[in-house]
Amino acid sequence: MTAVTPAPPSTAVAPAPAGAAPPNPPGRRSRLRTAAGFAFGAALLFAVAPLVLSDFRLALLAKYLCVAMVAVGIGIAWGRGGMLTLGQGVFFGLGGYAMAMHLKLADAGPGGMPDFMQLYGQLDELPLWWRPFASPWFALPATVLLPMAVAFGLGSLVFRRRVRGAYFAILSQALAAAMVILLIGQQGTTGGTNGLTDIKGFFGYDLDDPVNQRMVYFIIAGTLLALLALTRQLIHSRYGELLVAVRDGEERVRFLGYDPASVKLVAYVVAAGMAGLAGALFVPAVGIISPALIGIVPSIEFVIGVAVGGRATLLGPVLGAVAVAWARTALSERFPGTWTYLQGLLFVVVVAFLPGGLASLWALARRRDVGARPVRRGWLPAARRRAERTEVPAA
Amino acid sequence: MTVLFGQLFTGISIGAVLLLIALGLALTFGQMNVINMAHGEFIMAGAYTTYVLQQSITGAGLSLVVALPVAFVVAGAMGVLLEVLLIRRLYARPLDTLLVTWGVSLMLQQLARDVFGSPNVQTRAPELLTGNVALPGGLTIANNRLFILALALAAVAALTLALRLTPLGRRIRAVVQNRDLAAVSGIATSRVDRTTFFLGSGLAGVAGVALTLLGPIGPTMGTNLIIDAFLVVVVGGIGQLKGSVMVAFALGVLQATGEYLTTLSVAKVIVFVAIVAFLQWRPQGLFTLRTRSLA
Amino acid sequence: MSLFRGRRILAGAMTVVAAAAMTACGSKTTDEGGATGVSADVSGDTVKVGLLNSLSGTMAISEVTVRDAIMLAVEEINAAGGVLGKKIQPVGEDGASDWPTFAEKAEKLISEDRVAAVFGCWTSASRKAVKPVFEKNKALLFYPVQYEGLEQSPYIFYTGATTNQQIVPGLDYLKAQGAKSVYLVGSDYVFPRTANKIIKAYATANGMAVLGEDYAPLGSTEFGTIVNKVKSSGADAVFNTLNGDSNVAFFKEYKSAGLTAAAMPVVSVSIAEEEVKSIGTQYLEGQLTAWNYYQTTPGAANSKFVAAYKAKYGADKPTSDPMEAAYVGVHLWKAMVEKAGAFDVEKVRSASDGITFDAPEGLVTVDGKTQHIAKTARIGKIGADGLITEVWNSGKPVAPDPYLKTYPWASGLS
Amino acid sequence: MSERTERSEGRERMPDRHGTSGERLDGLSVRDVRVSFDGFTAVDGVSLEVPAGDIRFLIGPNGAGKTTLVDAITGLVRATGSVRFGAEELLGRPVHRISRLGIGRTFQTSTVFEELSVLQNLDIAAGARRSWATLARRRRGVPDEVAAALETIGLAGRAGHLAGTLAHGQKQWLEIGMLLVQDARLLLLDEPVAGMSHEERDATGALLETVSRDRTVVVIEHDMDFLRRFARSVTVLHAGRVLSEGTVAQVQADPRVQEVYLGHPVDAGSARTGREA
């Protein structure tokens, strides 16, 4: 029970057993919808977007999709698991730095050192902890495993001690702040506030070349779709049901003989892995990773996207993240002086008056069956309300 | 030795600032469960109030004295407006208050930028508060720090007395402890909520006035303070003023010690790590209202 | 059942598409000259230039005034007939104090708006973030702020001071005043750390003692400990590379601790007239600054600049070094374009060497090799009226030396 | 892990009614249990024996320590003394471990997962011993013990409904059903019939009798009528101590009980809001 094994993705395509139609799991029609949805999404991302968007806009979309990956993870941890994590920037950053370190080393060539180290660090040789990242066999898995390991460490401490609700939110926020300070303080080896910039190549491909930028976009789009498939499986698995149960009644689940800490831990670790992957892909897409992407503000912005889209749905976080990022770009281009008002207003209106997010508009428009969730008025179940209000259970 | 005493006082004065900025949150977050990210902008409003008053009241000392109550009312009114317009709808989902008020804080910052300009503005401090008290052994204690310490302690005392002794305070405590029971006992809970929010936000305004003696007055001043303030309340324990008071000073001294022995950056990290470790030990903070409740 | 198979096929198709995209004729890093620049759109009777500054976020404090100064220069040039007969059409973007946003907006200005040049950026981090974008697209950036040196991009013109035009003169001045020891206080980021390395090398070579070195996180406003340490160190002077909000808190603490400009002067490199105004002369009177320009700098060019700026933005608005450098940048670009006779970036670059401009700070000359400009170094003292008056200057423009190659004591630095 | 997987998979196929028949029936033994909060002693040295298969009612005025005692047994609050179920000592174990020893409880306010269906609620309750591999897969079909529990609690027709849409009584039954599939051999029910109609009370009582055939049941209840009809034995708590114990008749005849308890006949109503509630 305490072992942590995330859902193996291969089960995503396991055939349904004949006969015994269970009342709840998605039926034929829903499967049809899913397949159609995926096909539509793939067509949109792989065919339409590259055709209609300029190189510059496509690169922006690639950036948005990275943010969307983080959002998918937050959707699991927060929407499904009730853990409002305001520190996803940390995991995004860990993934991004791991990737950027590798790419910087690859740019520098064998035995070379990243330019900034000589400039700011006056180092004669590569610091020890940089060295493993020269190997793609270390760096690539590290982009995902490193954030997951950190999440595992922190999560197993925090969840077991039942730190939750606002406590957890603020603690994760403090984590983001601490990470930023730590990175900036180590300027000679991390690039300080500048971060790691000027990344030229991606596994031998020149990132200045628009064709290669397009390739990076396709990789990102493909990864996002894969993550969505994985998430869909997770949500509909028994674990997914259990996670919702933990969100709505952690103590009750404990009395059923589960250890809610492990249940939450899995969701948190998965979300961290997704954020790490997103950070790793962000680096070739944008060419920079810096503390500015990790701190409190970007971490909240990740969450805002999820809230705007619809936290507990599968697609809500993706659409919300893309919509918020797009709105940010579009508004700031159109109204450079006043866009912050509009952005703030968007958050306020959506979160306060449309708690199910934009996805709930869709759901309201076409009443969906029982399996899907945040449709009803009031949206938050009584049990959840209690869980959030009553932050102080007898220890 | 002088330096050590100096550091101890620095720690205490950092604690006093933390306490002052956290005190309002101890009410709104601690008592009402509202995570108000715009609290920092209420502090900013207090600071700008001082600035505006100095445009017409030329005496620095007088303007400061006038600014304290005015800022309390200004920030308190902003808080009430926020409560009535938004937060009232969100009592059932405290975590969402965080996101909504964050949006509000963005807008308030931009508003400050448009009204007062992007650069920081200056206020004059009374000459008395820019000097220091010399103690034997070469030790000096800055007057503005003493003033803030006194102000923080006075605010705590006033708030404690108000909560303990006044009918309003009793009502606030009743609503905190059992909203439904308070409601059926004839307490207008929504009015109590509004009053509590007024007090909490008003205290932010007072903190803003005090901070003009120490730091910058600008559109982003609030964002730098808000996390520290929340940490104080979280570690202190929700619903307890004494927790916040003790934790503010403890964190202040810890930070000052860390700063002295290492660097400012490392000290900040040390404080964060200490907080995580502390919450491992006491997940509900230093002091908790023990209640039996499920989930 | 069949649907699942359908999805598997779909997944397969996606993989194929992705694989195809990967192998599709992208150039490898080893190929030469893969990317080509985007040329500016100069087809109409206007020419677009980009303005890239933070209008929101923490850096807006400083960068908004730079934007104002750029706009003033643009208007002046347009009023005088434009550049090569074309009116300048400014396209403004908000960098939002966020480095990746700077990169995004730079890319947008270059490839969507097809501007002829971009003016802006403030922090080193934002410059580092946009540098690859300008180099990739072979587009021009005019960077208006004093910085830590050690950089020379072919597509950036640095119109602010590099270290040998600001920090080194500041140290020279302290040395001449008889300072035997300094204490270093800075914000925790690239510029102060690099500056302090230079200062330490200088101090070692010149028999000055560095009694301490402390950094505050960016935006930090708690200076009790640092001032405590500074005070007990008994240094002759403090060299201050703090940035933004931290300066306000530092000087308030400094005064409260009983430290004065007479007993322990502070030389600041990030405090200009605008900052003086926001900190208050109550705390700053008598302290020193190192820059290349002050509002009080004598000369007809400056009188005209100050008058024009105040007329446009208000009599209470001071002018400062970064604003002036930004203003000068636009005029230098105009001169380069006119000398080259074209907006083409490569032609502008090769025409740049030796361009001079009678700037508010005095005569400046572009050094085509480093793409920095020769400027006069000036040490100033902050007065009770909030203005800074010059107490020393280098007498003639100091040639830019971003890598400090002409200073023997700095040989180990770059 | 693999061994566990087999067991849990095997359990799902088991034809027995609730997967419990044939397992041993244990009694609860509480010895000198004390619980105090910040100086206030809520349970002050309670000892009681509940024999296997009993339906024991815990009664007592508001603040007597009934719920706190159940909290102590289930690990929610720290206590000193000894609580044994069968051969296992419960005190000092974490909540979920105690639960896995076969101790199940309900709460005064119903705590079903309102956003999940009845079936999903029961499936989760049945699954505490499932391996992660099982958890990662979707539920296909209805596990046998869940189907049996659906029958027992009479909610077979509403399996697909969201638990939040059930009537109050039905939620309570769902909670009991969750204990059944959870394989609880000791059921601790906190005011199961509060707020129920007469018909619902009768049905609940009948359910308790069915359930107690192969389980031990402890009920906290204020409803005297319900107690008289369904209790097999009664323990009266007062001020954190055992005041009286015996059959319904014995307890009713005890003068001490009459003094402290029957003097406050309408406890049930006010109990909802106080600390004890």
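So that you can tell them apart, the chains are marked A, B, C and D in the order they are listed, and the count of residues begins at 1 in each.
Operating definition for what follows: a contact is a pair of C-beta atoms (placed from the backbone, for glycine too) under 8 Å apart; a residue touches a chain by one contact, two chains touch by 3 or more.
What you are looking at is a predicted structure, and each value in this text was computed from that prediction instead of being measured.
Taking A-C and A-D together, the chain pair joined by more C-beta contacts is A-C. With respect to subunit D, maximal separation of chain centres occurs for C (centres as means of Cα atoms). The distance from the centre of subunit A to the centre of subunit C, with each centre set as the mean of the Cα atoms, comes to 35 Å. Separation between the centroids of subunit A and subunit D, computed from CA atoms only, is 40 Å.
Centre-to-centre separation of subunit B and subunit D, using mean CA positions: 46 Å. In this assembly, the C-alpha centroid of subunit A lies 32 Å from the C-alpha centroid of subunit B. Shared contact sites, meaning residues of subunit A that touch two or more other chains, fall at 16, 181, 184-185, 249, 251-252, 340, 383, 394. Along subunit B, residues 109-110, 223, 263, 265, 268, 290-292, 294-295 each make contact with two or more other chains. With touch defined as above, residues shared between interfaces to two or more other chains in subunit C number as follows: 55-56, 188, 215, 217.
The part of subunit A that touches subunit C in the complex is made up of residues 13, 15-16, 28, 31-32, 34-35, 38-39, 42, 46, 54-56, 59-60, 63, 107, 118-120, 122, 181, 184-185, 187, 192-195, 197-201, 204-206, 208-212, 214-215, 218-219, 222, 225, 229, 286-288, 290, 292-293, 329, 332-333, 336-337, 339-340. The part of subunit A that touches subunit D in the complex is made up of residues 1, 3-8, 11, 14, 16-17, 20, 22-25, 233-234, 236-239, 241-242, 244-245, 248-249, 251-260, 370-371, 373, 381-384, 394. By the touch rule above, subunit C contacts subunit A in their complex via residues 1, 3-4, 6-8, 10-11, 13-15, 17-18, 21-22, 24-31, 34-35, 55-56, 92-94, 96, 98-101, 103-104, 107-108, 111-112, 123-125, 128-129, 131-133, 136, 150, 188-190, 193-194, 197, 215, 217-218, 412-414. Residues 2-3, 6-7, 10, 13-14, 17, 109-110, 113, 117-125, 130-132, 134, 140, 142-145, 213-221, 223-224, 255-256, 259-260, 263-265, 268 of subunit B touch subunit C in their complex. Across the complex, subunit B meets subunit A through its residues 29, 33, 35, 86, 89-90, 92-96, 98-100, 102-107, 109-111, 223, 227, 230-231, 234, 238-239, 263, 265-266, 268-269, 272-273, 275-276, 279-280, 283-284, 288-295.
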